[in-house]
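Structure in structure tokens, see below.
For reference, chains read A, B, C, D, E and F in written order, and residue numbers begin at 1 within each chain.
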Amino acid sequence: MVKNSFEPISGFSTPRFAGIPTFMRLPHILMDDPDSTEVDIGLVGVPFDGGTTNRPGARHGPRQLRDWSTMIRRIHPSSGIDPFILCRCADLGDVSTNPANLDDTLDRIAKFYRALRNKTIAPLSAGGDHLISLPILRGIAPPESIGLVQFDSHTDLFDDYFGGSKYTHGTPFRRAIEEGLLDPKKVVQVGIRGTLYDGKDIEWGRSVGVRIIEIDELMDRGHASVISEVHQIIGNYPVYISFDIDFVDPAFAPGTGTPEIGGPNTYTAQKLVQGLRGLNIVGADLVEVSPPLDPTGTTAWVGASMMFELLCVLAENVGKNRLKD
Amino acid sequence: MVKNSFEPISGFSTPRFAGIPTFMRLPHILMDDPDSTEVDIGLVGVPFDGGTTNRPGARHGPRQLRDWSTMIRRIHPSSGIDPFILCRCADLGDVSTNPANLDDTLDRIAKFYRALRNKTIAPLSAGGDHLISLPILRGIAPPESIGLVQFDSHTDLFDDYFGGSKYTHGTPFRRAIEEGLLDPKKVVQVGIRGTLYDGKDIEWGRSVGVRIIEIDELMDRGHASVISEVHQIIGNYPVYISFDIDFVDPAFAPGTGTPEIGGPNTYTAQKLVQGLRGLNIVGADLVEVSPPLDPTGTTAWVGASMMFELLCVLAENVGKNRLKD
Amino acid sequence: MVKNSFEPISGFSTPRFAGIPTFMRLPHILMDDPDSTEVDIGLVGVPFDGGTTNRPGARHGPRQLRDWSTMIRRIHPSSGIDPFILCRCADLGDVSTNPANLDDTLDRIAKFYRALRNKTIAPLSAGGDHLISLPILRGIAPPESIGLVQFDSHTDLFDDYFGGSKYTHGTPFRRAIEEGLLDPKKVVQVGIRGTLYDGKDIEWGRSVGVRIIEIDELMDRGHASVISEVHQIIGNYPVYISFDIDFVDPAFAPGTGTPEIGGPNTYTAQKLVQGLRGLNIVGADLVEVSPPLDPTGTTAWVGASMMFELLCVLAENVGKNRLKD
Amino acid sequence: MVKNSFEPISGFSTPRFAGIPTFMRLPHILMDDPDSTEVDIGLVGVPFDGGTTNRPGARHGPRQLRDWSTMIRRIHPSSGIDPFILCRCADLGDVSTNPANLDDTLDRIAKFYRALRNKTIAPLSAGGDHLISLPILRGIAPPESIGLVQFDSHTDLFDDYFGGSKYTHGTPFRRAIEEGLLDPKKVVQVGIRGTLYDGKDIEWGRSVGVRIIEIDELMDRGHASVISEVHQIIGNYPVYISFDIDFVDPAFAPGTGTPEIGGPNTYTAQKLVQGLRGLNIVGADLVEVSPPLDPTGTTAWVGASMMFELLCVLAENVGKNRLKD
Amino acid sequence: MVKNSFEPISGFSTPRFAGIPTFMRLPHILMDDPDSTEVDIGLVGVPFDGGTTNRPGARHGPRQLRDWSTMIRRIHPSSGIDPFILCRCADLGDVSTNPANLDDTLDRIAKFYRALRNKTIAPLSAGGDHLISLPILRGIAPPESIGLVQFDSHTDLFDDYFGGSKYTHGTPFRRAIEEGLLDPKKVVQVGIRGTLYDGKDIEWGRSVGVRIIEIDELMDRGHASVISEVHQIIGNYPVYISFDIDFVDPAFAPGTGTPEIGGPNTYTAQKLVQGLRGLNIVGADLVEVSPPLDPTGTTAWVGASMMFELLCVLAENVGKNRLKD
Amino acid sequence: MVKNSFEPISGFSTPRFAGIPTFMRLPHILMDDPDSTEVDIGLVGVPFDGGTTNRPGARHGPRQLRDWSTMIRRIHPSSGIDPFILCRCADLGDVSTNPANLDDTLDRIAKFYRALRNKTIAPLSAGGDHLISLPILRGIAPPESIGLVQFDSHTDLFDDYFGGSKYTHGTPFRRAIEEGLLDPKKVVQVGIRGTLYDGKDIEWGRSVGVRIIEIDELMDRGHASVISEVHQIIGNYPVYISFDIDFVDPAFAPGTGTPEIGGPNTYTAQKLVQGLRGLNIVGADLVEVSPPLDPTGTTAWVGASMMFELLCVLAENVGKNRLKD
């Protein structure tokens, strides 16, 4: 049982539109607050979109996701998981990014997540564009390499853009594999689709052992079959979950920089994440929600709801490990 | 055959964007007009959202639903039903609500619907938030209790909110069962989903006999199987149909106060309502369309289209009963 | 000099789109936190629109105003006032309202502000609809009556609505005068316009001594002349400032429930509030920003900017009085 | 005194968002209803934009203007005019237009307005694009020619478009002068601005005696001086008022097909129309509100408010003449 | 292999948001440019919505589709087709339409497409409303009649509207069959749904041999079965593909004048068009995208993506035929 | 007289919504096209917002400005200037920027503008954020330093952000003065307002001789007086004009990253630019239009209209100098 102070505010006492919006109405605890050592799972915003090659705006993601996350209640309707019983959860605020300097920002993010790892806080992060997953992995993975389950319409395995730019939101997992943060044989990508530049990202990924499940395969096999393969590949390996909101069809999540039509609906997305129960999940992120492209908030609501799905499977694993300690 | 004067204006003669917007371009007849006694089905707006615990705006629903309903033509493409042949339909205007007084408004609504029942007019209503179903049932049900088929993502079976508020859009069917307006054994709820406060609404509902079909069950069994169970439960019992627009996934109907992701598409919604043919339907409502949250009108168009689906199954039953008289 | 901990976060260190949004990036201090006793000026949200007779949504005002207020820097460009030097300012969070019960909410608000007064915290509030000014005055005025400078397009001096409803956003100042909270001879209303129901609000106001400056007079005389009359009327009397966002022309502030065309621009609004320097201001509010009607945030930005204007003139007076203590 | 049945519904009894939206909540009376003979002023929608050379959508104007006009109360705040006391006003519905046939539509409109004239009903019309003013004038002017006061950013005096198209929203007043419906020496155009194709519209207009007051002149002289010249030119001549919403600056009225920046604010627009008191006004229209380009309704609200301004000066003249009869 | 000059600009060299937007970043070649004789496939805009009986705006379709098409890369992810390798593709600009004259515009369009046929350029067109398919067929079909695969929620087989208007977006294929441009026994319509005026369009279509596959049949059989029937019906006959964006459910494509709920998702739409491989396709169009009704661009993105699907199957056929020459 | 080929397409022949959108419908000429040597004034897009410290999106400015600029006709209504008669104008496309690398982009821009200067093409540029003015000046100024008239609500004279970032949209003119590109005594800034971080930008600017005219001074003196001082300061010095769209009040131009309320209207903005006639203008830019923040296009329309104002005064000067050659 966790202390009351790590409980979210109930919508029965204070209306959900009221109050300063923290992630899921959790307490806001700064990393230099002594209480932070008690935190099991830290919800963190990473407001940065400097890796975006196309339409920006994901820097505003954390704030809009916090706003909509106040509509989340506390118990998962289908698994019955109450993450706030299983773990001490808190909103750790945003990493302080530098919108005018990409390299500086990558350092700041990695340092923040290294501090989390040092306090054995498992992170659930809200982007920001997909480049943020790289410094997060730099913070939490070393010295081991870990696995990855990535829900996305793009592989993000490109080598570079615009004549040599190595750090964009199209390259993070190429870099993470090259740097040994990820074991490519423990990387599964689900939902890949959209027109191709040249197909070299997929080619490279497959050549190093990444399992890429394109949309036709997902649609033909269904979520249950795909999830069972994910379990087979990952096994007990520590694994990170990265959920790019553009995995979901743009009818459901229009507010993102590079949408691709013909994608799965949110029910499938929920079933896929629910299917990750039992994996040894060490952290997760939800990225690429771009509020300026999302005037009605539809996308942020999908994002906040998927963050809760991620929190449930993360909390179950973290809680289990805590009991072992 | 009904009199010509109860016919909707055709889009072949007057463009659908022209003219003062009544529901489905029907004549506007006030309740104190002697012609009202000839009406079989009354389309009524209930512009009230004082029961909303979260995001308001449903008070503007009737007007926006009328606006979009002028795009409806007259024959159902799949069943071939022409409701305007089967019944004399009219737009009876809006109930005059009091946005600054909840209790006063509940009285006004109940009184309006009692008058309808006294003229044996079957109501098809446009909300307003879901609390309006309670005073509607108070108007049309007594002295009998009736059944309910509810399409919704929430049970609306809570006991109270905010330290004792018994009348909100989260409580109408708890009240209606307690007041004997509904027979809980003849209540079916379809589509329930979304995170839980504490699960006590579902627990209570099941304890009194309500059949709650959550989203996973609907998705797994499909609409045909669910509808067949609905017929088994309801049989020939007089039944009211309540369609909360948040039953539909927010990609299809974003403009509502409390959307829940992972819901059915509109095709499933249509099939479910079409499947109600043969039930002894005595009235229906469509609630929770919130125009300020629906800038493109997408939701209102779904709402108006579902009102036509409801009208077809209602008119078939009302028309049949009329012939018996 | 105030403690560092009451300083807003600078946009030079943390980008303005980052971080959990408190009012003007001030620290969030709860009323039961011992630090609250050190606060000179409390910024408070009152998320309630249950008094709205027309288009709702102002319950979402505090959150959207907080969001945009993070774009405010710290020094007034024209007066040079730095309110954070003059006073210890903090975000005290939102009053916990009950959207389903108007009377209960009026009590909760009054109690909250009574507590503020007991700690000699001067309030700068963000609504909410204009009805909230009544319980705020109930909290801070008694036992004295105080004065009021109201910027508005409506007098809000009506007696009742809908057959007897005494508490709506069209009646707060009638009630406040009747209850002795305001001395009508120390009440000035500026900017009144819009079509009239019957003119009885203006008639009553003038009969009890309220000075009502309609739009034609404001436009003809200009802001300087009007402000000089305000000083003449108010003198040294303790005075509350209430700024309804619909004072400003809807081109500048479209996101409000009852806009009236033909209003002043924001430059005039700024000059008018700047002109209040020297008055004995004891509190202020900014009301009727309705985010669902404000998709681009334009109105919230005007609202947050005007809150800073109000904060500057309030802080100058509060700071001066503090020095005297 | 007019019969009660021509009174608008009060917002004190029925909230302004409730009910089927007629213009200013007036009764809806069809032209073939015998009551129509009692009508003094008919509010008419003309949902047609087939003359639009650029961005369409004005066909939806009447419906959106009706919607927003329900926010109008009954008395003018500055003149004190209550048009519903002075004249029997009614909503006569929309002219039935043919969006696929321009010529057919011009005939239908002219015929509708001829019928109005035959019943001595003075029209206040809502467009539609500016081409509708031509068939309206064909309906109400002959056999006399009448005068025109036009508020607009364009002269609409072009000869043709696209290689010979004589009937577009850029040509109505050229045609009306050529057809003898307007006496060019009694035509005043105010607010003309925007980049020029070739300047031949202005040249032709001046050559036949039209008084064209461009924006610089209006800004330099102010509304009072311009209005006084209008009175001098028009005198007692029967005159029609045509108000193109693009007269107003697009900050105030963005939802129109051909906005031009650098225009007057709505306060100036109100003062100009108020200044028409005393003219022998025989009808008026408000055109070019395009709802698809007006997502927040700002423009429709300006349009509905200006229709009330037009109604007041029209009703004063019509009421005066009625008394003479 | 085609010349480099017919290649699209890569998003790796120039960001996709940069540059003047031509269709899929192809070179812009005017029809009077000598290079036009080398073009195999011409992408053409037809900015006309004068046939629209309901909500306009499709005249702006070509520009918005061009804008979004710059997000398309070059290779189809599932078939591997690179249309720019197979054929010389170019953006031929827009047909110069006359928004104020329907007949004139039909002539201009037919003439433009006759010129294309004379240069053996296969057209891929972007509407405009569905009426544009008629003059396109007039340009490219004679003297033979050809087949049609139409994805749509409406048959567009009506005889006339508004008392005799023969040319609207509800009538093009009735006219095309009557004129012998289409062989009705080689016409397949997929996705038909929505309420009916009187059902005479479907009745007439079936009486002349059109195969109409309504939504229930599509949903029950699935795309593979339907496509196989399409191949059986069309065989080797030259065939034109017409894709009305309202075929897709409005959750996916809200920005169109006459949406109908209960439609297929974009994945199904993609599979259906991909299934056309092997047909003898001579041209295609995508119509009814209405930008003013599509504020977030969602619909244009679906439209541009479907244009790429159409381009792939068209290019495969055109390329094959070119090799034969 | 210029060649016909440099003429814009007329809206009388091709509707303004038709065709591929180049700036003001001018021919698109690439810099490596031999025709480029004939160009007098080049309209250039610089799609880059990597210097933005707050809300991004200005990278999309050039495309949206091109789109709206097709509504511009050819002659200035008040000065009578026809810039296309005076100079050969062309759309030179966009600079190819690198969104993932700020330094690389600054180089690319400077190189592009150096090439322009080498061909004696005067640039009229569309941003992009305000940082782009720095590399533009690096391209066109050396070896001389030139003057600057800047319309803006911010000085953009800060030293650095976020702990040392020297290149942001808040620093370009500090850098330009330090690098000797601008002579600070020939720099005038008009419209400065908004809350202050610390006031050091203004302090530094004044210390080196920049003339900063804050909003109160502009409002008090009026545009004529300010412009006369500008002429006095600049004299015959070669001068660059930089127009930040946030100079204009956000009611008129909401779609920008850092709006400040209380600004001038567009009429004042037009008068100020018109007042620059007679200066020795060598280039101009319009920056900070952010389309994702501008859903209705209002801001882009102001931007395109102001670009035409800038073009007129630039063309008059360039044309005059050309005659001298």
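Just so we're on the same page, a contact is a pair of C-beta atoms (placed from the backbone, for glycine too) under 8 Å apart; a residue touches a chain by one contact, two chains touch by 3 or more.
Just so we're clear, the structure is a prediction, and the values are computed from it rather than from any experiment.
Student: Identify the chains adjacent to both chain E and chain F in the sense defined at the top.
Tutor: Looking at chain F and chain E together, the chains touching each of them are A, D.
Student: Could you pull out the chain whose C-alpha mean position is farthest off from that of chain E?
Tutor: C
Student: Measuring centre to centre with C-alpha atoms, which chain is farthest from chain F?
Tutor: The chain lying farthest from chain F is B.
Student: Per the centroid of Cα atoms for each chain, what is the distance between chain A and chain E, given in Å?
Tutor: Using C-alpha averages as centres, the distance is 39 Å.
Student: Distance from the CA centroid of chain B to that of chain F, rounded to the nearest Å?
Tutor: 56
Student: Could you check chain C for residues that touch two or more other chains and list them?
Tutor: Within chain C, residues 13, 15, 17, 53-55, 59-60, 98-99, 161-163, 249, 251, 265, 293, 295 contact more than one other chain.
Student: Could you classify the connectivity of these chains, where an edge means two chains touch, as line, ring, star, complete or other?
Tutor: other
Student: What's the complete list of touching chain pairs for this entry?
Tutor: Once each pair is checked, the touching ones are A-B, A-C, A-E, A-F, B-C, B-D, B-E, C-D, C-F, D-E, D-F, E-F.
Student: With touch defined as at the start, can you tell me which chain F residues reach chain A in the complex?
Tutor: My answer: residues 49-57, 59-60, 98-102, 104, 161-163, 165, 167-168, 292-293, 295.
Student: Okay, in this complex, where on chain E does chain F touch?
Tutor: Contacts found on chain E: 13-15, 17-22, 28, 45, 47, 59-60, 62-63, 66-67, 91, 93-99, 295.
Student: Give the list of chain B residues in touch with chain A in this complex.
Tutor: On the chain B side, the touching residues are 53-55, 161-163, 192-199, 214-216, 219, 249-251, 254-255, 258-263, 265, 293-295.
Student: What part of chain F is in contact with chain D in the complex they form?
Tutor: Result: residues 10-13, 15-17, 71-78, 249, 251-252, 265-267, 269-270, 295-296, 298, 301-302, 305, 308 of chain F touch chain D.
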